[in-house]
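Listed below are the structures to be examined.
Okay, so chain A shows up in both of these, paired with chain B first and chain C after.
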Partner chain A sequence: MARAAALAAARSGRRAGAFSLGPALAVPAALLVAAFLAAPLAVLFRYSLNRYSPREFMIDAVTAENYIRFFTDAYFIGVLATTVQVAAVCTAVSLLFAFPLAYLLARTDSRWKSALVIAVVFPLMVGNVVRAAGWMAVLGNDGIVNHALLGLGLVTQPVRLMYTPFAVHVGIIAVVLPYMILTLQSVIEGIGRDVEEAASNLGAGPITVFRRVLLPLSLPGVIAGSTLVFILCMNAYATPVLLGGPQFKMMAPALYDQFVRTTNWPFGAALAFILMVSTLVLTVIGTTVLSRRMHHRRLEAAPR
Partner chain B sequence: MAPAGRAARLKRRAGRWVLRAIAALVFFFIFIPVIFVVWISLFQQQIVSFPPEGYTLRWYENAFARTEFRDGFGLSLQVAFLAMLIGVTSGAAAAYAIVRFRFPGREALNTLLLGPLVVPGIVAGTSLYVYYIMVENILDMDFRATLHGLVLGHILLTIPWTVRLVSASLIGLDRAVEEAAMNLGAGPWTTFRRITLPMMRPGLVAASLFSFIQSFENLELTLLLVGPGRTTLPVAMLNYLEFRIDPTIAAVATVQIVLIGALMLITDRFVKLSRIV
Partner chain C sequence: MSELVLDRLRKEYGSFVAVDDVSLHVREGELVALLGPSGCGKTTTLRMIAGFIEPTAGRITIGGRDVTWDPPYRRDTGMVFQSYALFPHMTVAQNVAFGLEMRKVPRAEAETRVRRALDLVRLGHLADRLPRQLSGGQQQRVALARALVVNPGVFLLDEPLSNLDAKLRLEVRVEIRELQKRLGLTTVFVTHDQEEALTLADRLVVLDHGVVQQVGTPEELYEAPANLFVAGFIGRSNVLRGRVVERGRFVTEAGLALAVPTDGFEPGAAALALRPERITVIPGAAGNGVSGRVALVTYLGAATEYRVTLDGGESLTASMATPRPGDPLKRVGAGDVVTLTWPAETCRLLAPDRGAPTDEGGS
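Let's look at the complex of A and B:
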């Protein structure tokens, strides 16, 4: 009897003695995150309300002028617009190209499946700097693309590909594709093959099956993947710096510059929060629009 | 009827091949940078141009002779190892508390621990930079460009991965085995050590791998926390690449690729990587 009670208590995690000890296990990790993420962010936010002075560096104040400056300065509005544009394009393109591969990975019975999935993860693990280096060798004036174009006689002198928005898009898409593929694959795996088979047995062609069955059912994955990828694009640093060159400015490099080159901490701090809040707002809008469409489809499809 | 059916089948087949072709191209595309870095590291000529004039391994020697890469590699290994050790230990303990116990603030705790995934690396890095300067003034102790300063920052990269991976492995764990052990007379500590911990092993191994890699390849969070003579490998590589791409830097990158590839293969022997990502 006592043992049964003890077991029941253990199941709900409330054994005498363990009650106070259990949650305490989380204290070290929570303290580390609080001390080295939450507290620094709070300090940074406080600094964003300070005033910058070229002579005195930073003056204690409570002012919104750094935020106002951002939204009244055409240059910084342009930086934000470029960032959002790059993020939107890269998210859309990676979604388009990730879907076929994610679908095949989800549906294959090949014994190579796990090797293929690892191969998708691998480039993601080697780091952004390494991949940017690879693209520099591919897209440079002496790179393989120009070598091929010149060799084929398509151009007479090297085409400038490096340090262009094109290079940044290519680099970022390659960085985020694995995330999109893995997210979509896990959602498609959860959709039964029988649903697709039923649709095609009822006479739907492959395109109809995709548009009316597969796509609506995989929308949660589309939303999750796009959100993740959009955030990663908004925060990109290494790729725009190395492939875009000094002229091409996105938010993360601009933020870094404020701390290192201009040493305007209050404005740099404001940039950090503008970056985070605009990313949050845009992802919330995007998610709402997409899930409302999903809801709409559901209602349409629901039997009456 | 029959010809129409055949046409439809043919069309479906063609569709499959188009799908496969796109998938293969996407695969190739994400591998392009990795392939080219490795290839270029073997080129004979110093200025990258195609086709190669010949192949050599001397750039590896050259890369190793450069102090910024040798020291950067050493520092990155140290930071990644220490951050992994502390992050996985504290993160796994926290995951255990979150999965096994019900207490007020549990959800908030989970959100806090996954927080580092949400905050952009560059923002976390700059906030740590101003914070370290503030703390240095108060405590009269260096944090920027020190080993402990870097490790404390990098722990942030390891905790969310650990909490996610270890929580997942704990949720999938059959509690009946633990109960059986306790019924057979094992105390809570023995049960934990002999039953729970071994069952958590796949999650712990995966968490260690991901933590190590996340720390080793990190650039954004580290960028402002390094200093002269104390620079991690990715920051040293970025500084070099801002001026040029040559076989030497490609050799450094290849070493990193090989190291990470080896780590992934070793881990795959313990846990199916394709299951956890």
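Let's look at the complex of A and C:
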């Protein structure tokens, strides 16, 4: 009897232990986030409400004037608009470029598959600055592209490629492409090849298979990849600075300027918050629209 | 419905021949099972018919039309996949409607046909569910309805029962056969399960190493296997190796002389195949027959199997209806002397070159 009771107690105790262990596992990560993310952000937000003084650096205050300044200054509105535009275009283009490659990677039986995956991941091992420098060598007036164009006699003067929005787009897309490819690949791998075959067997041509089966089923990957890439693009720093030149301003370089060059911390903090909130809002809008579309299609197609 | 003809169909992967010149004529409304161990090329053959694999050589015609190089979506085959391959993001009704939509069937007609197809597989009440909300057997029936609703020229089934539990497998098997008969579907069915093939098919094609071993009705294959592989794969066979010494006389390697019909065999090496259920076990030593000692008695319910070591050292397995109490056979156990007899005409001589099928795993 006593033994049975002890056993039962031990068993229930173990079960209780299992239950309490779950939340405990999250504690280290939660502490880390609190200490290294939430706390600095709180301090930063507090700064953004302060007043800037060229002589005294920062005056304690509770004012919205930094935010008001941002939204009433056409220059900064322009910087935000450029940032959003670059991020949107780069996300869309990388999605377009990444999908076929991700599909190929997910479906290939080739023994070179792991080599291909490594080739995709490899750029991530090279820092953004190094890669931007590489692009400078390619796109500069003296770079490979202009050499080729001049050599072929297609142009008589070097074409200006560096320090253009084009260069920035190219540079950022090159940076974010691996993230998009890997995210999509893992989702496409989860979609059975037999499902595509079934659609094809029922009379669907390749485009219809893509539109009706592959795309809807890979939408979670499209959403995840686009979210990740959009956030990376919105916060791009090295690439716009190095490839865009001084005339081309995106949010991350602009707020760096406020902190380091102008030492206007309150305004810099406000920029940081505006960047963060706009990224968040746009991401939420984007994912909501996409996932609603995913559910909508499901409902729309239902006969009753 | 249309007839299906495979003409010297071949598939090579590098130096490996997966399907070796398979020719087959499936008549309208006929159910043919492709049967063989894993890796025998049966699934590759089916996938070539569906158009998922390009043949290295040969021709495929459906209803007289050469479809060898047509993409799957222009072939008019309806396939049921081993995994069912339902569209997870579509309801049951949408899954079934997909093929009709691709064929641009008007909406009203499509709805009627979808409903009829779902009623046919008794799933009308689940039309608005998603596949993941269904049991395995129900998903299987959705896959059947989805393939049937388009009235395919050829109906293809790739091990459709292998993911079902034993009881359900039997039910669905009967269901498939009834549907196929009722709708007169020209059907090719791939399986590694010989019992499934024997009970379902009008004709069987036994494949091994990509080569057709024999084509025939279940009875033909069982009663008159063409070689040792078929003899061992369809049902079970005792195999005794030896030689034909003269007309009507076969001597085993251990020296046992047997009377055997030797039509078509010249004196020389041969193998003798004998079904366990054709052998009669008589307790004790009897006049005519082959004597030996029981090595093992296995009770199987309706039948009992006796593994007997013959005096020459060779072994035979005999299967008898389980003896009733009082039958002297009831008392026969391991170590007892018995006599085995069988009608001479049930012995089948075969060429000795091919070994019995080996149990190679995998699927």
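Criterion: the second predicted complex is superposed on the first by the 262 of 304 C-alpha atoms of A that agree within 3 Å, B and C clash if a C-alpha of one lies under 4 Å from a C-alpha of the other, contacts with A are read in each partner's own complex, and residues count from 1 in each chain.
Note that in this section a residue touches a chain if its C-beta (ideal position, glycine included) is under 8 Å from a C-beta of that chain, and two chains touch if they have at least 3 such contacts.
Keep in mind that this is a model prediction, so the values were computed, not measured.
**Student:** Contact-wise, after the overlay, does A:205 reach chain B, chain C, both or neither (first, second, both, neither)?
**Tutor:** both
**Student:** A:168 contacts which: chain B (first), chain C (second), both, neither?
**Tutor:** Once the two structures are laid over each other on A, A:168 reaches no partner at all.
**Student:** Should A:87 be classified as contacting the first partner (chain B), the second (chain C), both, or neither?
**Tutor:** A:87 sits against neither chain B nor chain C.
**Student:** Applying the document's definition of touch, where does A:95 land relative to chain B and chain C: first, second, both, or neither?
**Tutor:** Once the two structures are laid over each other on A, A:95 reaches no partner at all.
**Student:** Using the touch criterion from the header, give the chain among chain B and chain C with more contacted residues in chain A.
**Tutor:** Comparing touch counts on chain A for chain B and chain C gives B.
**Student:** Could you tell me which stretches of chain A are touched by chain B in one complex and by chain C in the other?
**Tutor:** 205
**Student:** Per the contact definition, I'd like the list of chain A residues that touch chain B in the complex.
**Tutor:** 3, 7, 10-15, 18, 22-26, 28-30, 32-34, 36-41, 43-44, 47, 97-98, 100-101, 103-104, 113-114, 117-123, 125-138, 140, 142-144, 147, 174, 177-178, 181-182, 205-206, 231, 234-235, 237-238, 241-242, 252, 255-256, 259-260, 265, 268-269, 272, 275-276, 279
**Student:** Which stretch or stretches of chain A touch chain C in the complex?
**Tutor:** My answer: residues 192, 194-195, 197-205, 208, 212-213, 216-217, 294, 297-298, 301-304.
**Student:** In the complex formed with chain A, which residues of chain B make contact?
**Tutor:** Residues 8, 11-12, 15, 19-20, 22-23, 25-27, 29-37, 40, 47-51, 86-87, 89-91, 93-94, 96-98, 100-103, 106, 109, 112-113, 115-116, 119-124, 126-131, 134, 152-153, 155-156, 159, 163, 175, 179, 182-183, 188, 213, 216-217, 219-220, 223-224, 234, 237-238, 241-242, 245, 249-250, 253, 256-257, 260-261, 264, 268, 272-274, 277.
**Student:** Going by the contact rule set out above, which residues of chain C touch chain A in the complex?
**Tutor:** Listed in rising order, the residues of chain C that touch chain A are 50-52, 71-75, 77-79, 81-83, 85-91, 93-94, 97-99, 102-103, 111, 114, 127-128, 146-147, 150.
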